[in-house]
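Report on one structure; see the data block that follows.
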Amino acid sequence: MTEKYLYSREYKKEDSVIEVNGVKIGGKKIVVMAGPCSVEKKEIMIEIAKGIKKRGAKVLRGGAFKPRTSPYAFQGLGEKGLKYLAMARDETGLVIVSEMMDTKDVSLVEKYADIIQIGARNMQNFSLLKEAGRSEKPVLLKRGMSATLKEFLMAAEYVMKEGNHNVILCERGIRTFVQYSRNTLDLNIIPALKKETHLPVIVDPSHGTGVRDFVIPMSRAAVAAGADGLIVEVHPRPEEAISDKEQTINFKQFRKLMEEVRRVAEAVGRKA
Amino acid sequence: MTEKYLYSREYKKEDSVIEVNGVKIGGKKIVVMAGPCSVEKKEIMIEIAKGIKKRGAKVLRGGAFKPRTSPYAFQGLGEKGLKYLAMARDETGLVIVSEMMDTKDVSLVEKYADIIQIGARNMQNFSLLKEAGRSEKPVLLKRGMSATLKEFLMAAEYVMKEGNHNVILCERGIRTFVQYSRNTLDLNIIPALKKETHLPVIVDPSHGTGVRDFVIPMSRAAVAAGADGLIVEVHPRPEEAISDKEQTINFKQFRKLMEEVRRVAEAVGRKA
Amino acid sequence: MTEKYLYSREYKKEDSVIEVNGVKIGGKKIVVMAGPCSVEKKEIMIEIAKGIKKRGAKVLRGGAFKPRTSPYAFQGLGEKGLKYLAMARDETGLVIVSEMMDTKDVSLVEKYADIIQIGARNMQNFSLLKEAGRSEKPVLLKRGMSATLKEFLMAAEYVMKEGNHNVILCERGIRTFVQYSRNTLDLNIIPALKKETHLPVIVDPSHGTGVRDFVIPMSRAAVAAGADGLIVEVHPRPEEAISDKEQTINFKQFRKLMEEVRRVAEAVGRKA
Amino acid sequence: MTEKYLYSREYKKEDSVIEVNGVKIGGKKIVVMAGPCSVEKKEIMIEIAKGIKKRGAKVLRGGAFKPRTSPYAFQGLGEKGLKYLAMARDETGLVIVSEMMDTKDVSLVEKYADIIQIGARNMQNFSLLKEAGRSEKPVLLKRGMSATLKEFLMAAEYVMKEGNHNVILCERGIRTFVQYSRNTLDLNIIPALKKETHLPVIVDPSHGTGVRDFVIPMSRAAVAAGADGLIVEVHPRPEEAISDKEQTINFKQFRKLMEEVRRVAEAVGRKA
């Protein structure tokens, strides 16, 4: 039993800044991660990477391994998807984040991605957390759909305890009785986390709301509440996206998001 | 059965602006309402009214009739409390908002207050809604703790159907599994409401979170998400407040709130 | 401030048994209340009263004043409905329970009904609770959709504090993320209440689940968990019922319910 | 895409009965599984196995790999724990169920346990589900804390699609605003599941409520609602148990549970 949890402000007072290929997460600048839900064809990935970079994103997201409710739904392109992400990085210099779902896939995901994502459904997959903790790559840890503050922070502690202190926390909506949003994006956790931990906190308004029209206002709100970054689903033609069509925004909407987020960021003493 | 609900954008496309003694709610300017949970002694009420006015509030809140979980808890000063509010108005010119809990009290609350509040626990007290609908005073309607979007809007419709179209909607937190905030302030409802209704939408970050330290960040977030105003618990010495000590901010914190909200308001094309 | 709440086991150790026209609620025998959601035409009310009595119900339910989400939905027959209930009582000797929604209606509801119901939406309508507390008729208090144990018991305390100790508590489902039932009938509250209070506890599986097929299994479960009674929506032709068609059972299903509940009641040392 | 899900009543109309070492799960007889939260010392495991067998349990539960919120909490005895379970089986003939948390551990857990448990936190650990689907041992699948009906059934489908049709579903409580029980045991899902699937459904009242005093009444209720079995935490001296002290019952309470469940089972046409 440790007296001071590694995630805690008692262990480390000042905010952690995680640097990946020159991109700083947790610093003054708001970091925006964007991209499709699932990794798509190579040409589309290159198109998306260029499109989001041009509009200000620093990190490209895309799932090669997809956690899908149904076993008959598209499960992702696997290694091929990771290769496409790496190609998009080569073309644009963007940082790559992609999800790892199985302890067996660590070395594979590590080989291509710059940040390893642990999804909401695996937030308490303790074997996976430990495996990620032995990686040298930063970990983007998504909050489980009904995770308490303590459970979320302790999941980060599982990673940190193994030696990997580069954990980025991500709020992505909780399960409530509400039905006008697919999940209830819980921005209240931002000040709650900031009080307890030095780790960077980002917000996913796409999964968090599940509604395209809510993505921009809730992105503004997330930054106003103190988030260090955003992860947003973007596709040039959302209606053609393999998954998450309803909540994915297009390039034009993403440009608007970036402009509005930038203004709010400045209003709260940050940049974007 | 009406085809177009009175609250709906189909009935009225443009945003409603409700004017009370020269204060416009729902317009370009963010309106801030502030004051103690319960109406306190006369001198304190005057002190609070002056203090919040100086820092930019336009409306003074304070409960004369208090809905308390326990019948043995302080139930409010009743008419005496309403008189103190009216005195504070005379001194400062602030608009007064106070809660009505019983259909029998309409004429009493109307006599002193400029805006009649219907609390969260009474959001589906249909007799009270109808009574408020027959008043000439605007109604501030708080969302019930587990109200759906439809239930909230239909509660407004009960008021409007009786002839009173001046309804201000107020998000104040919902019940979820979360325990780090007393309620889960649900900012997602702001874009959801703005899509469906022309009525102004304000946010109560004090009851919505129940945690003093969350009031400022969530106020910023509310305005960034598109809220038309805020209602905040303020007391010169929160530790001496009759009720809601844990979530009440002092004058210094309120000044900070106003400054930060003003910057965010400007960032989203509003004023405060 | 009282040291021992009137509802508490500290105030009164043994279970309270509330007697109404010879029917005992809270005793060894499980009491079943049944009838339509809304009071219907006189002939149908008589038909229902005879039908449920024949199958073992002791109390006839039916709403004359209906709390409806929409102001354009049927609001109940009002006094005419209460008269029909009274006529049904004259024909059958059943005890009558009906909802009161407005403090102004106390004397009216008291005049016809034997038990006054306070609905879930009014569980914290404190004026109404106090008014009911001054009545001589027992009060059936429904749990609010997001009420905590303390809030529920304190609502009972509001009634009792005014002098009326005959309060029957009723679990009727809470709001959760679940969608296969309209509400989540929370039977866990039965042992929780039984530990804290001497008041009788009944269960409403009709509103509690909102699904006809769940009414019988959850009625059995409620009695197995320790409930003192049930309140069930029954109509000879549910598809013709004015409201709550989806969850109302017919006479044949009600007979089955009574038979199955009787067996479970005996298994747990009760009768039905 | 398959037209008929393997879990569905369309695929298989009649109830599935899963037989393990002569014990039938899903048949007329209610199956009771019992044992400590975590596997304890060898002597205690033998004592527990004999104690629960004598009182009517057919399956011994015990975690060798423990999913714990904190990485500093006891993580289970691992293979040693599995060996103790196997020894207890040798002594008593009880069937063994134990949790698997990592795809790497399948062969290990399979080697000792008769039924492989997938815990609530791993309900959507799709790699683990697929791995379990390739096992020859039946799978006890616990519902995630915020799982919908569809997500729960689809998790079973992941297992079944790989060839293993022996899946036992287990309700173990969901996350709601309620605090008098640690989770809200949701018995409404029993009739909901029984309508959709032929798979057996059991209930865990220990984790489902988190309160010792609720375990017996909710066990009765579960069986009354139609559950095919129970899984209960039992320890000869709960106050000495390594984990879950608050909800674990002792032998005397377990005997009472069995007697009461037996009576309710008979009342609903089952046996126990």
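For the reader, a short list of remarks on this structure follows.
As written, the chains take the letters A, B, C and D, and residue 1 is the first residue of each chain.
Criterion: a residue touches a chain if its C-beta (ideal position, glycine included) is under 8 Å from a C-beta of that chain, and two chains touch if they have at least 3 such contacts.
Note that the structure is predicted; figures quoted are calculated from it, not measured.
Identification of common neighbours of chain A and chain B yields C, D. Contact tally for B-C versus B-D: the pair with more C-beta pairs in contact is B-C.
Of all chains, the one whose CA centroid is most distant from that of chain D is B. Chain centres here are Cα means. That of chain B falls 34 Å from that of chain C. Averaging Cα coordinates per chain places chain B and chain D 48 Å apart. With touch defined as above, residues shared between interfaces to two or more other chains in chain A number as follows: 146, 174-177.
Chain C meets chain A in the complex at residues 175-177. Those residues of chain C that touch chain D in the shared complex are 146, 148-149, 174, 176-181, 184-192, 195, 209, 211, 213-214, 217-218, 220-226, 260, 263-264, 266-268.
Chain D contributes residues 1-2, 67-72, 101-104, 121-122, 124-128, 130, 145-146, 150-151, 154, 157-158, 161, 174-175 to its touches with chain A in the complex.
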